[in-house]
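Structures incoming, each one as structure tokens.
First subunit A sits with subunit B, and in the next complex the same chain sits with subunit C.
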Partner chain A sequence: MTPTKTPPSSFDEFLDGIWKQNPIFVMVLGMCPTLAVTVSAVNAISMGLATTFVLGMSCMLVSMLRSAIPKQVRIASYIVIIATFVTVVDYAIQAISLDLYEALGAYIKLIVANCVLLGRAEAHAAKNPPLPATFNALGMGLGFTLGLFMIGCVREILGAGKLFGVALFGDHFQPWVVMVLPPGGFFVLAFWLIVFAAFRHFGNKRNAQLQGAQP
Partner chain B sequence: MSMELRTSPHQHSGRDVPVIMRNVVYAMLPICAFSIWQYGLSAAALILVVTVSCLLAERINNQITCTVNTLSDWSATITGVILALTLPPSFPLWMGAVAGFASIWLGKSLFGGLGQNPFNPALIGRAFVQAAFPTAISTWAPAFSAHRFSEFIPSSLTAPFMTPPDIALWAKQQGIDAFTGATPLARWKFENISASAMDFLTGHVTASAGETSAILILLCGLYLAARKFLDWRIPVSVLGSAMLLAWVFHLVQPERYPSPTFVLLSGGLMLGAWFMATDMATSPVTPRGIWLYGALIGILTVVIRYFGGLTEGVMYAILIANAAGPLLDQFNQPRILGGKRGKS
Partner chain C sequence: MSDAPEISTPSFAMVRTLGLVSVICGIIIVGIYQVTLPAVNANKKLALERQVFKVIPSAKKVVTYFATPTGIIAAEGQDQPPAQGTIFYAVYDEANKLAGIAAEASSSGYADQVRVLYAYDVEKQAITGIGVISMRETPGIGDKILTDQAFLKNFEALDVHLADDMKALANAVKTVKHGTKTNPWQIDAIAGATVTSKAVGRGINESAQTLLPKLVPHLEQLKNKESPHDPN
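Up next, the complex of A and B:
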């Protein structure tokens, strides 16, 4: 990789959130919904999309208001902005699907306490213009969704023998009870963390080799 | 005259990790043989599959982490054999393989390999399958069935990821009338029926593959202790504290609590005390720490059996004591020779 002087484009920032700075597997943020609602792939995706919406909208607003918000009360202001969109999502999900609303339970309201959101608002949106801030936030949100989906898939396949509610193995599948229990969340999260860490490790090695080969 | 300069130690007893581990495996062979004699093909296949999956997990781990081959230190073999002996003989083989991989990867590799693991790997594997497959791990097959050397227990050969068939029907076909499908501990807990000591000694009870013959386990353990391959203080304090506590309960309420002999001989206490609690990597090293560690296991076992939801408490007792091990060591450092009294 050659070092660039130019600031990263919005699209680069979008991709960063999905892979290089994935909020779950690289930054290890937002562990509460990660462990709690990933029992099935559908739950995981809807939780991820809800978070993405809140993240995108609140980061856009924070970025627009960044010069108007006094530094002393910025955290409180971010929380108010985030809480507004969480309320919107909360009512929206309740209206769209009551089953889903009940499956996700308190975790929709707890999006407001998700550190990914406050982290993005503080670290990125408050320092950048609206367009890059929104792109970055959407990338992070999709990365979060991807992470939840990867955990949810494994837990649903092993824990229920299904994917998106469709039985994969026939009637006699033996569910791994542990996978739908809290320990299963930790096991699967740990598994993906190892996979991501291994990717980064071998990627760094290859980069080092490539740089070493150049004079 | 040539002189060779070397740092200590200057003498080595010749007992390194592979030698110790290999001898522990030898000591477990009679228990395996007895288990196979009792349960036939299914027990043999279970021991084989679990051990091979442990070895495979270790080998794959070596390959991924590019470390030296650690199969030759026999530790994975020992994990596999112990794990197989703690599983019910009718356990589906594919679940046995899952248990083997879980014990090596979750119990050992993730912590950095042999000696770094805070918990006994075999018990981690068993705890994992107990949480994953609670029904299969509490389904017990009758011992000494008629065709045990010519056919498998039907649940053994379940296809991977499938539910094992019910073995109650099969048990009936074997002509065993009095088969209850419950271990003596469960029968005591839920029906208040105590099994006789003679049944335990001859193996006429339903139990995990390797925990039926208390006397055989005792002999194998004594052999290891005599050759100093395990610390005799651990089994003594485990069994002693369990027996003492059970005796106190029995004295207070003899109709409610079973006799100390029952507590000692039933379930996995013998196997756990001699072969799992004594794991060198996961037990304390200070003299007082060792006694406390053993006592903790014995007390927790009795408490879980008497007051917990589970019928058998040895596994969790040992895992909890493993976790407490480093703390016990830290609080019980022996006085350094020449150091002041009252100061550690």
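Up next, the complex of A and C:
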């Protein structure tokens, strides 16, 4: 927080959610859908996009109404707004594909309880104008989608020998069934968390070295 | 924010805001419901037909009925059966003849409800095929009920004929240990997936016990229809 820092542009706000504040790998929020629906890449992307839509729309509406909502009733208002868009997504997915609806199951409705959403509404959208708030929310949503997708790909490839439903290996491939079971979700999440933590660790180290070289 | 003195908000403002938010959200929800309703219904119908065609390959047309203790009534586009009613599907072939009856059976398996659709053959008084509607059984173990040929053979002619008083099945459908099937009303379980196999047997037994006594006495009503009324 240097005083000379200019206010971040909308694009920076957008990128924040994808990398610097990635909801899954950095903030470790919204673990319920992360572990539950990432058995295949398609499920992961659908869940991610559904969450992105809810995030973007609810943050836009929260931001538009931010001066009209008294502090005392803000949480109730945010939850009503979030629940509305979750219902919208719920109907939309039913209209698009019932198979997908069955695969995602109760987790579509559970988007309401995803802490990424209330967190964004409370920490960002309630304090910023609609445009940056929406950009930030969309970035967060895409970061969430990316995280789900990275977990979903690994689990589908190892657990079913497929990617997007297309078989990758020959008949001799024996799927690692554990990968599509709940423990596999934890294993793959832990693997990606290690990778991200390593990136950050070595990145910080290099920055420190560079600063040390030029005092 | 916490340092600033608490600004008291009039109660009316709070009520007004919550009311306003609710009205906006209400309009959005009702709007999207109306917009998606036709597509959702079309999807549901398609999914049902796909399932039915799988268990009764000669099917051409599916009509939804409710079996009640007093007789059979057409669903006429309704979703929920009346009290003590059971939903079933009368399936007609190309020549508009009754090809069979399809109904849903569900019971709790290893992970969640196992829902199957079974085909009932009117002439043989037997179940002649099953298809899975939904399940979350363990991949590689419980989901063998979809693929295991020996298990599916149980449902080529699973005997469900009614007792003489037409009140219940003559022999309850029962899942038995792998390799011990001796009677046509028994289901030979998959070795290693007994819980799921038993769920299928239990579901079918429950469904057949409630549906068939209400359905079989009125079968003529379904057969005699030269051109079955299509509610859609």
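Quick note on the criterion: the second predicted complex is superposed on the first by the 211 of 215 C-alpha atoms of A that agree within 3 Å, B and C clash if a C-alpha of one lies under 4 Å from a C-alpha of the other, contacts with A are read in each partner's own complex, and residues count from 1 in each chain.
Just so we're on the same page, a residue touches a chain if its C-beta (ideal position, glycine included) is under 8 Å from a C-beta of that chain, and two chains touch if they have at least 3 such contacts.
The model shown is predicted, which means the values in this text are computed figures rather than measured ones.
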Exercise. With the two structures laid over each other on chain A, which partner does A:V177 touch: subunit B (first), subunit C (second), both, or neither?
Worked result: both
For this session: Mind telling me which of the two, subunit B or subunit C, contacts the most residues of subunit A?
Result: C
Exercise. Looking at the overlay, does A:L65 come into contact with subunit B only (first), subunit C only (second), both, or neither?
Worked result: second
For this session: Using the touch definition from the top, say if A:F169 reaches subunit B (first), subunit C (second), both or neither.
Result: first
For this session: May I ask you to decide whether A:G212 touches subunit B, subunit C, both, or neither, giving the answer as first, second, both or neither?
Result: neither
Exercise. Of all the subunit A residues, which ones make contact with subunit B and with subunit C?
Worked result: 177, 181
Exercise. What residues of subunit C sit close enough to touch subunit A in their complex?
Worked result: 7, 9, 13-14, 17-18, 20-22, 24-25, 28-29, 32-33, 36, 39-40, 43-44, 47, 134, 138-140
Problem set entry | subunit A - residues contacting subunit C, complex | 61, 65, 68-73, 76-77, 80-81, 83-85, 87-88, 91-92, 94-99, 102, 159-160, 175, 177, 180-181
Problem set entry | List of subunit B residues in touch with subunit A within their complex | 64, 95, 106, 110, 128, 131-134, 136, 158, 161-164
Exercise. How about subunit A: which of its residues touch subunit B in the complex?
Worked result: 161, 169, 172-174, 176-179, 181, 183, 187, 190, 198
